[in-house]
Amino acid sequence: MMPELIFPLLIPLLTGILLFMSRKYLRVQTSLSLAGSLIFLASSLILLFTVLEKDIITLQLGNWPAPFGITLVCDLLSAIMLVLSAIITLVIVIYSLLTVDDSRKKYGYFSLIFMLMFGISGSFLTGDLFNLYVWFEVMLMASFVLMVLGGERAQLEGAVKYVSLNLIGSFIFLSGVGILYGKMGTLNMADLAAKLSLEPGSALVSSSAMLFLVAFSIKAAAFPFYFWLPASYHTPPAAVSALFAGLLTKVGVYALIRIFTLIFIQDIASTHQIILVIAGLTMIFGVLGAASQFEVRRILSFHIISQIGYMLMGLGLFTSLALAGSIFYIMHHIIVKTNLFLTAGVIQLFHGSSDLKKTGGLFRKSPLLAFTFLIPALSLAGIPPLSGFWAKFTLIKAGLDLNSMWIVVTALLVSLVTLYSMTKIWSEAFWKPHSGNSGITSEVSTPRWKLNIAGFGPMIFLLTITLIIGLFSEPFFQLAFRTAEQLLHPEYYIDAVLRK
Amino acid sequence: MYPLIFRITSRYLLPIFLLFSLIVLYQGHNAPGGGFIGGLLAATAFIMSALAYGGKTARKKLKFNPATLVMLGLLTAVFSGILSLLKGDPFLTGLWIHIHLPLIGELHLGTPLLFDLGIFLTVIGITLWISFGLLEENE
Amino acid sequence: MFSIYLMLIFFLLTPLVSPLFKFFKEKANWVLAVFPALFFISMMMMIPTIQYGPKIISLQWVPSIGVNLDFVFDGLSILFALLVSGIGILIFIYAGSYLKNHPLISRFYVFLFIFMASMLGLVLSDNIILLFIFWEATSISSYLLIGFDHENPEARKAALKALLITGLGGLSLMAGLILLGSITGSYTISGMNPVTANSPLYGLTLFLILLGAFTKSAQFPFHFWLPGAMKAPTPVSAYLHSATMVKAGVFLLMRLNPILGGTADWHLWVTLAGTTTMLTGSVLTLGQKDMKGLLASTTIIALGILVTLIGLSTSLAAKAALVFLLVHSLYKGSLFLVVGIIDHETGTRDITKLHSLTWVLPFSAFSAVLAAFSMSGFPPLLGFISKELLYEAKIQAPSAGEIILITGFLANAVNVTVAALIAIKPFLGRKKKISHHIHEVPFSLWLAPFLMAVAGLLFGFFSDSLGRLIISPALAVIHAEPTVVKLKMWHGVNEVFLLSVITVLTGIIFYFLYPQFIRMAGKLSRLRRFSISTIYERFLTGFQKFSYRVTVFLQNGRLRYYLMSVLIAMILLVLLFIFPFSEIEWKLEITDIYFFDLALVVLILIAAALVLFTSSRLTAIVALGIIGYGVALIYALYGAPDLAITQLLIETLIVILFALVIFRLPNFRSFSGKLTRWRDAFIALASGAVVTILTLKAGSLQFHPNISGYFLEKSYREAYGKNVVNVILVDFRALDTLGEITVLTVAAIGVFALLKLKRKQK
Amino acid sequence: METILSLLIGGLFAAGIYSILRRSIVKLVIGLIMLSQSVNLLILTAAGLTRGNPPLLPKEGFVTGQGYADPLPQALVLTAIVISFGVISFTLVLLYRAHQKLGTDDLDKMGESDQ
């Protein structure tokens, strides 16, 4: 029993409520959201260290015992995801000071960020399937509102697709929960796993497993369920795009990893093979989309999809090395992708647009921006010794070890195309001379200090993390391997939850 | 525009509805009802009267901001859960006081009821917030 | 040890480059050159120690996946490290002067610094993954260097080309090295046993690694990125082409020769690639007018020669390769830098326009001539020894000797021609013709080519010690059996010598025929669209178009297709697992049907149909209400009064809200044709069927009794409530409820913001 | 009765899907409403139905697990109903605003943000 397991949930919720009540006072908002995100980060770091020390920890809410009450469970995967979310929250809160206008803030922008985090941490911590649905809804609803906040044309248009497809996903998820409860009579994930592992005919639940696969693949933006993402992610303010890009799809990936390592492991030969196929197709179609685009945030949006493919590849291969690769990939990707979207936001600030046709000359204009773009971009493409390389390397090795040549070839070629489209942004926005007669169109109306602190500050912070993951990757690998080990032994999880 | 009969009914029905909804809220732990149903009932009553008077008038009559009600409700619900933390129990553990009343019998008061009150307030607030917004949009 | 730290420090030093520039201004290049110089000296000092065998240094880095900082100092790595750092010193000095006053010069040095350090790391790595890391780092830093003149679209294109080709090879190499590691059970080269051709993955591993090496070393058909790389500033071209980037592939082949080499496959593919490349290089060279272009295509020839020699797998060939490598680095570097000087002073690199430069550029002329002699293989330069060795190795080739010899002959003859074109043509001529604007360049510019050319001469004189101290240990690495290398200037008049003489004569004949070659090349220029470079460009634009088409097709902006793809995928995935029916005992009882319930179900279905097919909004609302109330009744019938009441109230609210909105929206219109409707109906029915079957399956397969007994038991005793549903909501599963009211709250915020927040649009 | 209700669930689901596949934004909301009804019924049905006997304990607080309708799916459905109320109200207003801003109710014409 760890009563403090509740803090990563309570802190965002309370901060969110307080922020909404003080929404008219911008100063209060700023300090409150900074404080909230720092405390959130602290609480999730404490969790991570506790889990590192004590292994999986649980909390029975309302003091009702395990399969009956709702369990909060924190294993390494949850703790890692939580820490990453908290880092991103902090970064986004700071970056929002630069890129989000006051009218949005007065309508509860900051409050919504924390409501979103409430849903996200809930999703990472819960050990109950229906509860997971509720957290997904909290997260989705908050993201819906953040998506439309401001009510611009493109935002509404993107949101229509985002909302509709995600709602279909929720319905499918809910049906899956209902059907699984009908078969197994329980909702607790550990209990489900324990009961299924004893059941000889348990492969018969694979049909409902597919409902979960579809539902979570929609959230994770895997093929052929990703269409909402490129339609919407580039429409809200840069800070919101960055937040979504870094975190939201990863919650879907988390859910997939969770249930396909814990619950649905009866029929790995077919279910995980399907995941692998989906992974390959996701990589390919995502990267093709990226190659076809000519706008920074759209290119980056499509890359989210193709990289979701890599994360699923590890799950599909389902070995210790492969899962460790996926986890490493997630850690690296959340940091790097957020950073790239932040860069895109600054490009937009400089040029009034992030359309590559209208940009240029940034290599000379802002060497710092060039640097903060180049490192994450190369990392994303898997160039050594940056963080993305290690992730890619591990996955490729895992694939080669299993002799899954087609997925290895796909992953390698896709990474080449990723490199290609990163150089497209580099070449067009940074190297190419700016075509406008005045050089840089808008000499940024925001004051310089604001740009440095709220814009470059978070970018350099994330960049440092990327470099640390890349250059000192050993502890991260150990973490990833330990996490993978936990995931491959669901009995640890089951024991931790159901022990009397 | 607004039929007189509608207006009169809503004027006299509103207090009755509200009282009824409170009863439903309280009874909910032992009979069908509870925070959701109670809240929805109360909100429906307000909406009826809003339909009669129009959104702005109804909002004025309400004397408080639905948004505040929502946040108040949420805070109540969270607060009811946090109480148990102080005692060292997990979040949302029910704390109960048992009062023996001579006429009514055993009375159980506990944080889950407070939680239900939070739901009640939130549901009223949200429903009104949304429908007043849409009503005003129509005016 | 010191040198390893030094190399790692290079990486750490890169951020210091710009402050150095601010501090030392125009002298910064001299200061920076100290770093490679230090490295060079430390390598020189290691020469005596490695005579007794390799020295290995290991630092832990990422032990969990076996990637550590393992470095090896042996003949091969020292030879390459000396080349890289030695030529690096000269390039550092030269570039500062060449790019004087360039606004981005400090960034140039940053990239160059990273490039040099990566190159050093590459040649010193003992761990193959570490080697790969440096390998990729050279690709990226050379991308930044080639595209340094970034406002020129050609430079950007060339940089991308180099990056994509070497990147493709890099990926293949990565897979190959991982496989090699798996086969041998180790990532450290010194810990590997030779892989025999019988190993099941040998062929694949070899293929992947060779692909990597060939792309980097510009072997046919990947040679075409190399001439493009000429868009880089000249010092970069000189560095990339003489000692470094392109030699990385050759280095890798040499390094892995003891492990992968010696097999028939190795012999076949490596020699084949090498000879084809020699031939391609020779053909590409003849007819060029651009001096840099000439040098670039002779680099292709040189690489072909080197790869062929490695493919021969004999000790003699390896020796020839090592000597030629050294010779080539020196003369190619020198010539490139001279061309840079000429370009810098005259503004052109067209050999047909240049003449008489000896009068103004005496030092350059001297260097050029000396280097050219080495290139054509005249005694007493090292080039002569090298060429003798080349022929000797080729004559003794184990198989296909004739082809190799003839191609080699042609390649050498072309080399002679180019040497003459570069070193003689621009410098001959009378003084009067020369423009007044051209002056001899400063010391810092002519020093580098001069020293390199002189080195070629000195090595010729001291060929004996060179062979003993440097070539011999290096050869020991490539070929396990120890051999003492003796380099001699004069072997007497034998067939090799005669071949050399004929080569020079042929080269001179080519030189005089060169105007004809230029004319022919002009005529043949139409053939360019069949060149591999064009194919590459077509492929690239084709890929662009393809990706665009695919994306436009998939991401078509129409929500219904997105929904459809989700649904169809769901249907198919579920269908995969819904069978076999036989294993399930289906509970399809129809005995317990109540008439009232059945009527209710039918009513709901009729209402649903009405919703779908009515054109009146009012009817739709009413029918929607009927569905909602009908469902509420079902809840009431099946023991769920709370649900029934909630559903009733919510349905009422939804109808009210719906009514508030719907009349402000346009009336129903039918957008779709008959066929579309049938298709949609099919998808709808199929998904409905899937849901029905899944529900029935869940009802038929109750593996476990549900956990609800607990709630019924504890609800009153421990939670003091008789309405179990409510107790679950506020106590057993209160967290769900907390989340739920949060969803409601956020939804309300959303509605509020959507309705009220109307920002001024820009 | 599960069999008949399963058919109803499938029917409502199909109706919902057909409705969201039309191009009109109004039909989209209608479809979502029907889908949510279908899924709510599904949860109840898949868990097994009990006619009558709501999970209300008798006065004395008797505690037998037999014969009562399963309370847990009911609680889940209640949560789901309320959540979908919130979600659908939001969607309704979103579509209304989208129609206002974009001047069309044809979903096929809302494709600018994709390309």
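Should a chain be cited, it is by its letter among A, B, C and D, assigned in written order, with residues numbered from 1 in that chain.
Throughout what follows, a contact is a pair of C-beta atoms (placed from the backbone, for glycine too) under 8 Å apart; a residue touches a chain by one contact, two chains touch by 3 or more.
In this text the structure is predicted, and so the values were computed from the model without any measurement.
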item: Winner on C-beta contact pairs when B-D is weighed against B-C; value: B-C
item: Geometric centre distance via CA averages, chain D-chain B, whole Å; value: 24
item: Cα-centroid distance, chain B relative to chain C, in whole angstrom; value: 63
item: Distance from chain D to chain A - Cα centre to Cα centre, in angstrom; value: 28
item: CA centroid of chain C to CA centroid of chain D, Å; value: 50
item: Shared-contact residues (touching 2 or more other chains) in chain A; value: 13, 20, 61-62, 130, 134, 137, 141, 144-145, 148, 151, 153, 160-161, 164, 168, 175, 178-179, 181-183, 185, 187, 230-231
item: Contacts with two or more other chains, residues of chain C listed in rising order; value: 552, 555, 557, 559, 563, 567, 641-642, 646, 650, 653, 657, 661, 664, 691, 694-695, 698-699, 702, 706-708, 711, 714, 722-723, 729, 731-738, 740, 742-748, 750-752, 754-756
item: Junction residues of chain D - those touching two or more other chains; value: 20, 25, 28, 42, 44-48, 54, 56, 72, 76, 78-79, 82-83, 86-87, 89-90, 93-95, 97, 107, 110-114
item: Pairwise touch network: line, ring, star, complete, or other; value: complete
item: Chain C residues touching chain A - in the complex, by the definition given at the top; value: 60-65, 103-104, 107, 129, 132-133, 136-137, 140, 143, 147, 150-151, 153, 156, 160, 163-164, 167-168, 171-172, 174-175, 178-179, 182, 543-544, 546-548, 550-552, 554-555, 557, 559, 561-563, 565-567, 569-570, 573-574, 576-578, 583-584, 691, 694-695, 697-699, 701-708, 710-711, 714, 731-736, 738-740, 742-743, 745-747, 749-750, 752-754, 756-759, 761
item: Residue ranges of chain B in contact with chain A within the complex; value: 67-68, 71, 74-75, 78, 82, 84-85, 88-94
item: Contact footprint of chain C on chain B as seen in their complex; value: 28-37, 40-41, 43-44, 47, 51, 66-67, 70-71, 73-74, 77-78, 81, 91-92, 94, 96, 108, 110, 112-113, 115-116, 118-119, 122-123, 125-127, 129-131, 133-138
item: Residue ranges of chain C touching chain B (in the complex, touch as defined); value: 641-642, 645-646, 649-650, 652-653, 656-657, 660-661, 664, 719-723, 726-727, 729-731, 734-735, 737-738, 741-742, 744-745, 747-748, 751-752, 755-756
item: In the complex, chain D residues that touch chain A; value: 20, 25, 28, 32, 35-36, 39, 42-48, 72-73, 76, 79-80, 83, 86-87, 90-91, 94-95, 97-98, 101-102, 107, 110-114
